[in-house]
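There are structures below to look over.
One chain, chain A, appears in both complexes that follow, with chain B as partner in the first and chain C in the second.
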Partner chain A sequence: MRRPLSYYLRKLLKWSALPAFLLMAASFLIVKYLITGTNINASYITSFLNTNTAVICMSIGVTAVILTGGIDISLGALVSLCNVVAVQLMMHGVHYLPALIIVLLMAVAAGAVNGAVVSYLHVPPLLTTFATQTVFAGLALTVMRVPGGRIAGECTSFYYGKLFGFLPPTILFILVPVVIWKIYRRSPEGTRLYAVGCDEGKAFLSGINVERCRMFAYCFAGFCAGMGAIAYTFYVSAGDPDLGNSLDMRAISAAVIGGVSLSGGYGDVAGGIFGCLFFGMLTNMIVSFKVNVFTQNLLEALILLAGVLMAIAVRNRSMSLKGGLKREGQ
Partner chain B sequence: MKRVKLLSLVLAVIAVMSLCTGFTAARDAEDTRVPEGGFKIACSTGMGGNTWVAQYNEDFTQHCEEYKEMGLVSDYQIVNTNADLTEQINQCTALINSGIDCLILWPASTSGVQPIIELAKANDVLVIINNDPAAFEGTYCVCGNTTKFSEILTRWLATELDGKGNIVRIEGMAGNNSNELRVPVEDEVLAEYPDIVTLASGNGNYSQTVAQEVMTTYLSTYGDKIDGVLAQDVMGDGILKAYKNAGVTPTLMTGDYLKSYLKAWKETPGLRSCSVTYDAYIGCTALDVAINLLQGKTFKDEVLQANPADPSLINSIVVDPAYVVTLEGDQDAPWMEGLTSKAITLDEALELLEDKDDTAALDGGLSTEEVNALFE
Partner chain C sequence: MDRLAMFLPSVGASIVLIVIGQLIVPGFMSINNISSILMTTGLLGIMTIAQNTAIMSGNNGIDLSVGSVASLTAVVCPLLVSDTVGELLFAFLVAMLIGVAIGLMNSVGIQAFRIPPLIMTLIMGSVVDGAKLFVTKGSPATRISPILQSVSDPVIQPFRILTIFAVIMVVLAELMLHRSRFGRALLLTGDNPGAAAICGINTKLVGGAAYAISGGFAGIMGLFLAGYAGATTMSMGSSYTLLSVAAVAIGGTDLAGGKGSYVSCLVGALVLTVLTTILQALNVQEGVRLIVKGLILILIMVVNIYSHRRKS
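Presenting the complex of A and B:
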């Protein structure tokens, strides 16, 4: 049966990632049409994706955590830790494949630690991940005190090469977490995860294993941070114990701009991805506008604030369209 | 819903593909980059939000305006990021893409800016690494002599202590490149004085507030056992506040070059201190070097020095601190040996900053003529 156009319009308006998608599209169009001298071509887009892959991966991971009503501010430090461990392993003669597997396992284990403390010891997520952030940052500094080192040439060649002759390999680092998330999301466990974020008490009374849902979210966030760290390591080809320090808030902000509710239970990873792309384009826009250095931060903050307000307004509208508190996962 | 998402994604792909086409030909036509009215200069700083960076930006802006009047610079732009490598790469990509001739790069990560360097090389953009030394083939590095900075302060303190006593140390930020270059130098100098005991060492993160917290802890733990304080720069005011709050009069500490600290030092009777400038003018020196290189000039033999981050790479201009401030301003003091720095008294330092705000830093460096003299 053919549905009327209004049906699709309503569906589109309910899409949690819509504000971030619009912001991203608008920023691309502004850079393309309103700013002269910006040469947007395939190489520009590849370079843009290469730069922002780590934060996109983190945003996917942190979205899963936020959907359960939690938060993870340790992912940036975890990216730093994974980066220096990967570089040190390769510098000490470990082949890059086992080195990368070790790094991914370590990232998942770090996520599991966060998940276990939050789920089973009932320590608030902010406090838990603040503590582990310090631990990961300290470990990163222990593993590598000063930025430096080199990774295996094969890794760099792979990252700067092309898949099937035209695709930037960085797409892989984004696709793997997205596919895992989509599979999980479509399973009954995915629906349960949203239910935990909507109302933990009701979810528990409904027989949902709340702890297991949370454990998955934190482990998945760790995995995404590991993927992001590997992508970033391939990109910069070296180690830096402070590499991921500034990425936490960027990933969380991107998720919020992407329509994810900080109280949990509403949103999707697509929003976080678009949010990250918007962030990257915003930086380009500010640079291209040639704003005075002393007012750059102010302008960037104002545009971000507008973006967040827009995201919240559209989300509220979308939630009311869905009927009160009914959430996407229900 | 699935169809709507699919439709949106298809639209996004079409939009992106349309962005990919149509621009290349137009750019190729104007890719000769012959400067009309001067060169296009960009500067990206890896840190923001403190007074030192503000002064760096002001100095750089003023110097660019001077070159603009001379017709050597047609356009310039400064961008800041606060140790956010991703943001810096995004910024620099946009700058390089806008057709600049030179990028003066204060790296947010000294090992992580490789993609920027590669992109700049691919676009024939001259890269001058500035302030925080980083070693990359095909670039030049213009930075302050950060190891001498540490050596002067440590040697001064050790001399004042007559080689014995208890000190506490407040370092910069763990993992920060300058910090990691300075701390080993401090250790090395202190090793020459085995009777100087370090009671405690912590990070002040180049923040007055954090330094104040650390010093407050030291004062409550060690009290009058502390004979002297060895601290890096931009934290002196915080340390003095910790002393004031604890009701203790400081007697011996290394300070910094901000006017607020120098004034507080002047107003603290009995305090012996030493300030070594870590000059924000270093950005202007990098600009002078860039203008010469862009004009096709070459360095004289023996001018380039080993890169502080990788001594095997000879691509650096390392500038000594402009001023060393003590109560006496002794140019012949042992810590001044082999330096081009000028020793001045506290009163002379305050006179140099007379018309400036309290947040201003004592600042200096190589003049344009001195930089020009480095070239054939």
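Presenting the complex of A and C:
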């Protein structure tokens, strides 16, 4: 069935990730045309993705959690934990494949702990994940007290090689969570997850297993953090118990720029990815401005604030156009 | 009765922790240790006044910029004090005004642009951190004047100046909450903004004022933190952000807003301080300490939630 062009246009305008996409495109264009001395080519994009894969994975995971009306600030510490565990396992002679599988399982289990405390013990998500963040950070410090170690050579050569001759392998770590999410989203469970975020009470009354949806979201977030941690570990080739600190806040900000509503039920993982790319480009841009190093952070934060203002203003408009969705924070 | 029940988990947890501390840490009940616990509680207590005000104002209120504000004033304001009390008062005023100004910016974002408080204050926190680097060029105040350090002088052991100041502030805030027009408006706005607006309360003004108050107390806390520590580091206040949220939650404040007590939050701060003190005295690795701390936090939260759910 052919639909008129205006149908797709309207659908595009209502897309929750549109502001983030525009911000990303704008930052790319600015770097490409207005800033001299950088040329965007394959190697630039590869290194750009390499630095940002961990945050992108985390923002995919945290978006799923935010969609259920929760939040997860433990993912940064979880990334550090996965990183040091992976490095320690490989240092102790474990083959890299089983080591990576163990790390992924551990990440999912950590997410399951978050999910269980939030959905079965009814502790508010922010507090739960603050407490588990402390636990994960403690575990990471216990596993490895000072930065160091190295990973199997195969991993490094895989990461810095080419996939099918042209793709940077880091794409794989973003693609797997995205594909899992897309499959889940298409299934009835995916719709239920959005329903839980929109109105938990009504979802419960409609016979939706609210706890199961929550559990999936937190486990998925753990899995994404695990994938991000593996990519990051391959990238830096060493262990550091503080590796992921502060990445979670970046991921959450990126998800919000990406149009997800913090009260749940509205948004898309694509937005978080665009948000992260915007974030990364922003950092590159500020660095290439060659301003004083003490001014960089302030400038970056201010541009970020402006980006959030814009994204939220656009979203508030499109949400009030839709009318049916509840407003932010009510 | 309802207000008494709010105190139950925090008071219970602090008694249990103090008993445990006395049992396993030698010298736990010594006058010096008690004095230092009370003082650290006072510092965190000032922060809980800030955080509690923001959280009680509702609309999923939270202020994640308090730690950055405190770091900023801790780094900048000691420069204003050399050796007179007048300068100390001036620095106090400046610290408060810096905090209020940042709080007002938060309010504008939250009320006018309808940015969720979590994100607005989070990003404001990084703006403040950036501003701090910009102003100080990466080198914090090197010398903390003796007059500022005297906030940790004892008045009557085990109470030090800072402890007494914090308690007075908390009592005043509690009186403000229950006896003043603004306090009632704050609680009602947090509980049900729609109903509050119908009652003729300017909910935007009340919500906005909450973040200004929050910023102001965070600013004051930063100055005292510098005086207490006797030295400054670039981000010395940052760990207090989530600690204050945890203390407020242990104190029985509903994170959805509209219900809470400053005194109870001070007891929540006591719980966290005693917990930290015990863990530090235990002479174990930092990693193990963090694990135990996180697990106990979860335990306290779960008990807290269940003692509230039983009633409703």
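Everything that follows uses one rule, which is that the second predicted complex is superposed on the first by the 318 of 330 C-alpha atoms of A that agree within 3 Å, B and C clash if a C-alpha of one lies under 4 Å from a C-alpha of the other, contacts with A are read in each partner's own complex, and residues count from 1 in each chain.
The rule we apply is simple: a contact is a pair of C-beta atoms (placed from the backbone, for glycine too) under 8 Å apart; a residue touches a chain by one contact, two chains touch by 3 or more.
It should be emphasised that the depicted structure is a prediction, and the values quoted were computed from it without experimental measurement.
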item: Fit or clash - chain C, chain B, common chain A; value: clash
item: Chain B versus chain C as contact partner of A:Leu139, first or second or both or neither; value: second
item: Contacts of A:Ala116 with chain B and chain C, given as first, second, both or neither; value: neither
item: Contacts of A:Tyr8 with chain B and chain C, given as first, second, both or neither; value: first
item: Which superposed partner A:Ile171 touches (first chain B, second chain C, both, neither); value: neither
item: Touched partner set for A:Asn297, first chain B, second chain C, both or neither; value: both
item: Which superposed partner A:Thr283 touches (first chain B, second chain C, both, neither); value: first
item: Chain C region in steric overlap with chain B, selected from 26-34, 44-52, 116-124 or 260-268; value: 26-34
item: Intersection of the chain A residues that touch chain B with those that touch chain C; value: 140-141, 145, 294, 296-297
item: Contacting residues of chain B [partner chain A, same complex]; value: 1, 3-5, 7-8, 12, 15-16, 19-21, 23-24, 27, 48, 54, 57, 61, 77-80, 82-87, 89-91, 93-95, 97-99, 109-115, 119, 174-177, 180
item: Of chain A, residues touching chain C in the complex; value: 71, 73, 117, 121-124, 126-128, 130-143, 145, 249, 252-253, 256, 262-263, 294-302, 304-305, 308-309, 312-313, 316, 327-330
item: Chain C residues within the chain A interface of the complex; value: 59-60, 62, 109, 113-120, 122-124, 126-127, 129-131, 133-134, 137-138, 193, 242, 245-246, 249, 255, 285-295, 297-298, 301-302, 305, 309
item: Residues of chain A defined as touching chain B within the complex; value: 8, 11-12, 14-15, 21, 25, 28-29, 32, 37-42, 44-45, 47-48, 50-52, 54-55, 140-141, 145-149, 235-243, 245-247, 250, 270, 280, 283-284, 286-288, 290, 293-294, 296-297
